[in-house]
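In this document, chain identifiers A, B, C and D correspond to the written order of the chains, with residue numbering beginning at 1 in each.
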C-alpha cells in the first residue's frame, strides 16, 4: 500500500484519477488539491462520489504533500507541472504528470508548441513517456512519468505496428480524429456552451495541433527513423471518447494482404490486455467505436484495406479520460509498483450506454 | 461460489446481468441463453465484453440449466417466465425473475395489465418483490424473487417514506417520469429509430402504465392502507436513466418543515448504502439526476417544498438497467446468498459522462 | 412597410427575432444592438446569417432608435426594459418587450419574483400580454406588448380551455415541464457546460418558478376566478423545445368523455392557425412532441384521459424560442400591423430533425 | 406553375421534397406515392405537416402520374428508378431522380457498385448530373436530372476548385466524412436503434463507398484528367448533416499562399448563392459546421493550410437531406424552370439549434 496525492483533483482528469485510486487496492489517497474548491467535499464537484468519499480538497502545500505521499499525480494545466515537479522529486516522491511538461524529449519544441522555454532539460531526458505497451521498462524504472496526451495516445496505438514493420509508405499519413467535449476540460466557454456545442461536427486545430509532435516522437523511436504525421481534430457530440481514423498509403510495389496486417498487429500487441483487435465480419460493432469503451482503459483497434486505392484505414478508439489520460496513468502507476497492470482498471464498459 | 445462469442474456437486462456476474466474486456464470444468437460468442452482441469473456449463447434447455445452476436469472419477455420458472424451482434452482410474471400479488391484475390468466397463483404468494431496502427478509428466505419494474422502482423509492409517515395527503399523487431509450429493449422499431428518437420529449403511456399497480402494491403494504398513484412517462434523449418527479400534496392542516422531511427520509433509508440523499445548497447537482448515476446501483433522492402551494416535489433518480433492473437483481442475489449487498455492485459512476 | 429595431440582438431571442424580421415582407430591420458585439457583423454571432445580412450590431442610442424605428423589440434581461421602454414609448415607438418587465398586472409580484419595485405601474395596466390567441384585441390596440415567458406559454395554452369550461377540478393542477438548453440564454456557465449539461434530466426550480404567476394571471382572467397552479421544470438534452405535461383532476361527480374534451379544445382554438390538436391513434407521434415543431410557431396540444384515476393528462409542446418567445412576438407584431398573423411565420418544421 | 409528383414520398428525401414543394410558388404537388402508407394522410408519416397539407399517399400508377405531372421527383431505392423513369420520360414528364440510377456515366460501374447491369445506357448519356454550380447549362436543357449523392456532394464542392486550378498534387487525397443518421433512411435496424446509435463515432464503409466513383467522375470532368480520391465515412450522433474533411497534399515544389487559395475558391464559386466561404479569425464558428446549416441549402466551405507538412485541409459542410439531396433537387428544378434558383430555398438556418 502506497500513499498517493492528486494535485489538481477538481478537473476531469483529476476526477477520473480520484475515482480509480479510491478503489485501488494498493493506493491510499492522502491529499487532493484544488485552488478553487479548497475546503469543499469532493462530492461538491464530483457528484458521483457522493457517499463514496469524505475527502476534502486542500490547497497546494508541496512540502506537506511530499511528506504524506509516495506518489503524486499532477493533473494541472501545461506549464505548471514543470515548476512543482522538481521539488517533489527532490523529496523522493514519484511523479505521474498528466500535463505536457515532460512529454517532449526535444526541448526546442516547448517554445513552439507550449509558449515557454523548458527549465529542466535534464528531467526531459529522465522522464518516461507513459505508454506501458511501448515503454514498459522505462516506466518501471522512472521517478517521473510523463503521461501522454489523449489524441497522441489514439494515434500512437494505431500507428505503432505500422511504423515498426516497414511494409508501408510512411509519407502522407493522416490522423483524422473525432473527440468528445470532456477533452477540453471543465472550464465553461462559448464553444462548450450546450446550445453551441450540442450537435456540432466542429473542426478545431485542423492543422498543427500540439499532439502532432508527441505522436511523431514516439513513432520515430519505434520506426528508428523520422516519421511525420498530419493530425486534424473534430469535436463531436459525445462527452467521452476519441476515434482516430488513420489513413496510411501502401508502397505501390509491395502488396500486402489483410491477414499480414492482422499478424503485425497481433504480434505487436500480444499479451497486451488493454489493446483489443476488432475484426468482426457482421454485427454493428465491426470497427472500433468509442461508445463501446466509455469508462474503460481499452484501446480498440481495427482496420480495412482499400481495394480502390493502395490505402489502409486504421481505426483506433479510446476513452480520452481513461486510456487517453487517467486510466493510462494508473496503468503506469501499476507498472511502477510492479503489480498487475489491470489492478483497479478492470472495468469492462457498458452495453448499451 | 455458486453457479448461475441467465435465460435471455442477449437483451439489455441480460447484458447488465452478465457484466455484473462475470465480475462477481461469488458467482460463476455457467449458462447464458439466447434463441436468436445461439452459438455466437457474447462479444458478437455485447461488444463491451470483447476480450473479457469467451462464453457463447446457447438455446434454452431447462433440465440442463437445472443441473448446472444454483441460481437462474430469467431476463425474458413478460409471459414467458411464468411457464419456465416452475420447472426450474422444482429442480431446486433459485430464481430471480426480471419479468413482471411474479411481481403482482393480486392475480386479477394479470389479465388486465399483461393479457394472460396467471397459472400459478401459489407462486405469486411465495415470491418476494425484489427491493431489498423494503423486503429484505422476504428476499432472504425466498426461492423466487420477482425483480421490480424500473419505473416502479423509481416511484417506490421516492414515495416509501412519504406513505409510511402519515404526514401527507395521499390523494392526487403524480409520478411524472423521464426515461432513456434502453428501457424499451433491444428490438429496433420506428419509435426507436435514431432519426425519430433523437431529441424527443415523447409522452408514452401518459396514463395507465403497467407499473402503476406495482407501485401501488408496494406502497399500500408500507402504508398499511390502499394507496393510489397516477403515473405518466416520457421518453427523453438519453440511453440509460430515469428521473421520477413526484408531486405530493400536503395536508392543509398539518404544516411540515423541510428538516422533518429530511428526518423521515434519513430514518427510512438509514444504513442503506444504495440510497443517497441529495441536498446540496449550491453547485449544479443539487437534485438527483440520472446522469450522475449511469452504470451504478444507486437511487439518488432529493426534494423541495413548495412555498406557493402546499406541495412537496420529490426527485428520484436511478439507472433503469441497474437499480431499475439488473443491479437490483444482483443486490437481491447477494441478500439470498447472505453476503455483503454491495458485492459486485460498488461501481461509483463517472464524472463527467 | 415599417422600420423595426431589436435591442439586445446578440442573444438567442434576438437571434430568432432577427432571422424572422429579415425575411418579413412588412418589416425592415434598421437597428440591432449589442453592447458586447458593438461594431461586429451579425454573422460573427449568428453564423446562420452569413451571406444573408450585412447588418452590424450597434450600441444602444435610444433617441436614434426612436428616430429610426416604428417598432422596437426589446430582448434584454429582466429589469432593463422597464427603464428604456418608457422613453421609447414617449417617442411614439411601439414596443414588443421580450422580458418580464410588463407581464404581470399585479405590481406586488415584482419585488417577490424579480427583485425590484416596479416604477411604472401605469404601464403595467396599459400593456397587453402577448398571446394573440387569448388577447388579440388588446394586442391590436396596444402600444406596448409584454411578450410571455416560454414556460408560461406552454402552460397557458394547455390549460386555457380547461379553466374556461368549468368541467374540471381546478385544485392540485401540476404543470411538469421539460425544456431545452437555449432557454437559459447564451451565457456560458458550469450548468450549461457541455460535459455537465449533456445527457441530464435536471430538475431546476422544482417549485416557485417565476412563470407560475404569469400562468395564474392569464388563467384566472379566462376562468374569471383565481386559479393556482404548481409548476416544476426539468432541463433535458435538447437545444430547443418545451413539453409541458399538465395533470388535471376531474371533479368526482362530473364524469367527462374524451370527445367532450376534444370539443372544448376545438371550440377554444377554432381558426387558430398556430394551435394544432394532435390526436392520432397510431404512429409514433400520437402526442405533441417539441421535436416535431423545432423552428416553428406552432403549439401542439393533445391529451389522454386516465381510466385508473379521475385524471386528465394534457401535453403541450412549443419551441421555446419561437412560440415561446420570438415567433409569438412576431405574431403579435402582425396583429398590431393588422396583417395576416402567419406573415413571416409559415415555416412548417422538419421531419426528421 | 407546374404540376409535380413525388414517387416515394414517405422516406426522408421525400419528406424534404414535399415540404419544399408545398411552399414552392411555382409548383403544385399533385401526386405523392408510398406503397406502405397508401391511403394515409401525410401527417401520419411526416408529423411536421399536420395542418399544412391534406394530401394522401397513393400507390404508383405511372400513366396517371404521367397525365397529371409535368415534373416527377423519384425518391426511390437504387435500382427502381431505372425501370420507371423511361416510361415517364416517354410521356413527356421531366424527371429529377434522387437515386443513383442515372448518376454514373460509365455503365460498367453499375454492376460493381450497384449490383445490376444498366438497361438504358442511352439515358446515362443524356442525363445531367444535378449540381447546378457545376453543370448548370446541362441541367437547364435536360429532361432527366440525376441528383447527386449526399457524400458525393460534400466532396465535390470541397474539391472542385482544387482540381481545376492545377496548383495541387492530386495524389493521395483523403475525404473523411462525418454524417448524421437520417442519411441511412427511414427503415429501423439494429444499427439505427437509438441505444446502439446514440453517442457513436462509427466507421462505416471506411473504404470503397459507392459515392467514391461519383466524386471521381465529376472531379475528373473538371480537372480534364482522371482524379482518384479515397473516401471514408463515419456515423456521428446528429440527425442531419455532413462534414467532409478533405486532406490534399501540396506539390512540394510549388508553394501556395492562403490568399491564393481563397482567390481560387472565390473565383470558382463567385455569384453562387448557396456556397458560402467561411473564414473568420475569431469566434466559435471559424470553420464550416453542419450544425449551422441544418435545414438549409447552403454548402459552407473553409480551409486551413498546414505549416507542419505541405498539406491543405478543406472543410465542407452540408445538410445531407437538403444540399445533399432534396434542396439540391429543387435547385435543379428551378434551373429547369428558368426561375431564380433560390425560389423556395431561402431558409437561412437557425442559431442555435
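Keep this in mind: a contact is a pair of C-beta atoms (placed from the backbone, for glycine too) under 8 Å apart; a residue touches a chain by one contact, two chains touch by 3 or more.
Since the model is a prediction, treat every value here as computed from it, not as a measurement.
Novice: Common contacts of chain A and chain C?
Specialist: In this structure, the chains that contact chain C and also chain A are B, D.
Novice: Sort out for me whether B-D or A-D is joined by the greater number of C-beta contact pairs.
Specialist: Between B-D and A-D, contacts are more numerous in A-D.
Novice: Could you tell me the distance, in whole angstrom, between the mean C-alpha positions of chain C and chain D?
Specialist: Between these chains, centre-to-centre, one finds 36 Å.
Novice: Cα centroid separation between chain A and chain D, in whole Å?
Specialist: Spacing between the chain centres: roughly 38 Å.
Novice: Taking each chain's centre as the mean of its CA atoms, how far is chain B from chain D in angstrom?
Specialist: So the centre of chain B lies 46 Å away from the centre of chain D.
Novice: What are the residue numbers in chain B that touch two or more other chains?
Specialist: 12, 182, 186, 190, 195, 199, 237, 239, 289, 294, 352-353
Novice: Which residues, counting only chain A, touch chain D once they are in their complex?
Specialist: Contacts found on chain A: 172, 174, 176, 178, 190-191, 195-196, 199-204, 206-208, 212, 228, 230, 232, 234, 236-238, 241, 243, 245, 247, 249, 283-284, 287-291, 294, 302, 304-309, 311, 313, 315, 317, 352-353.
Novice: Give the list of chain D residues in touch with chain C in this complex.
Specialist: The touching residues are 12, 15-16, 19, 22-23, 43-52, 182, 186, 239-240, 273, 276, 278, 280, 282-283, 285, 289, 292-296, 298, 300, 346-353.
Novice: Which residues of chain B touch chain D in their complex?
Specialist: Interface residues on chain B, with respect to chain D: 12, 180-182, 186-190, 192-195, 197-199, 237, 239.
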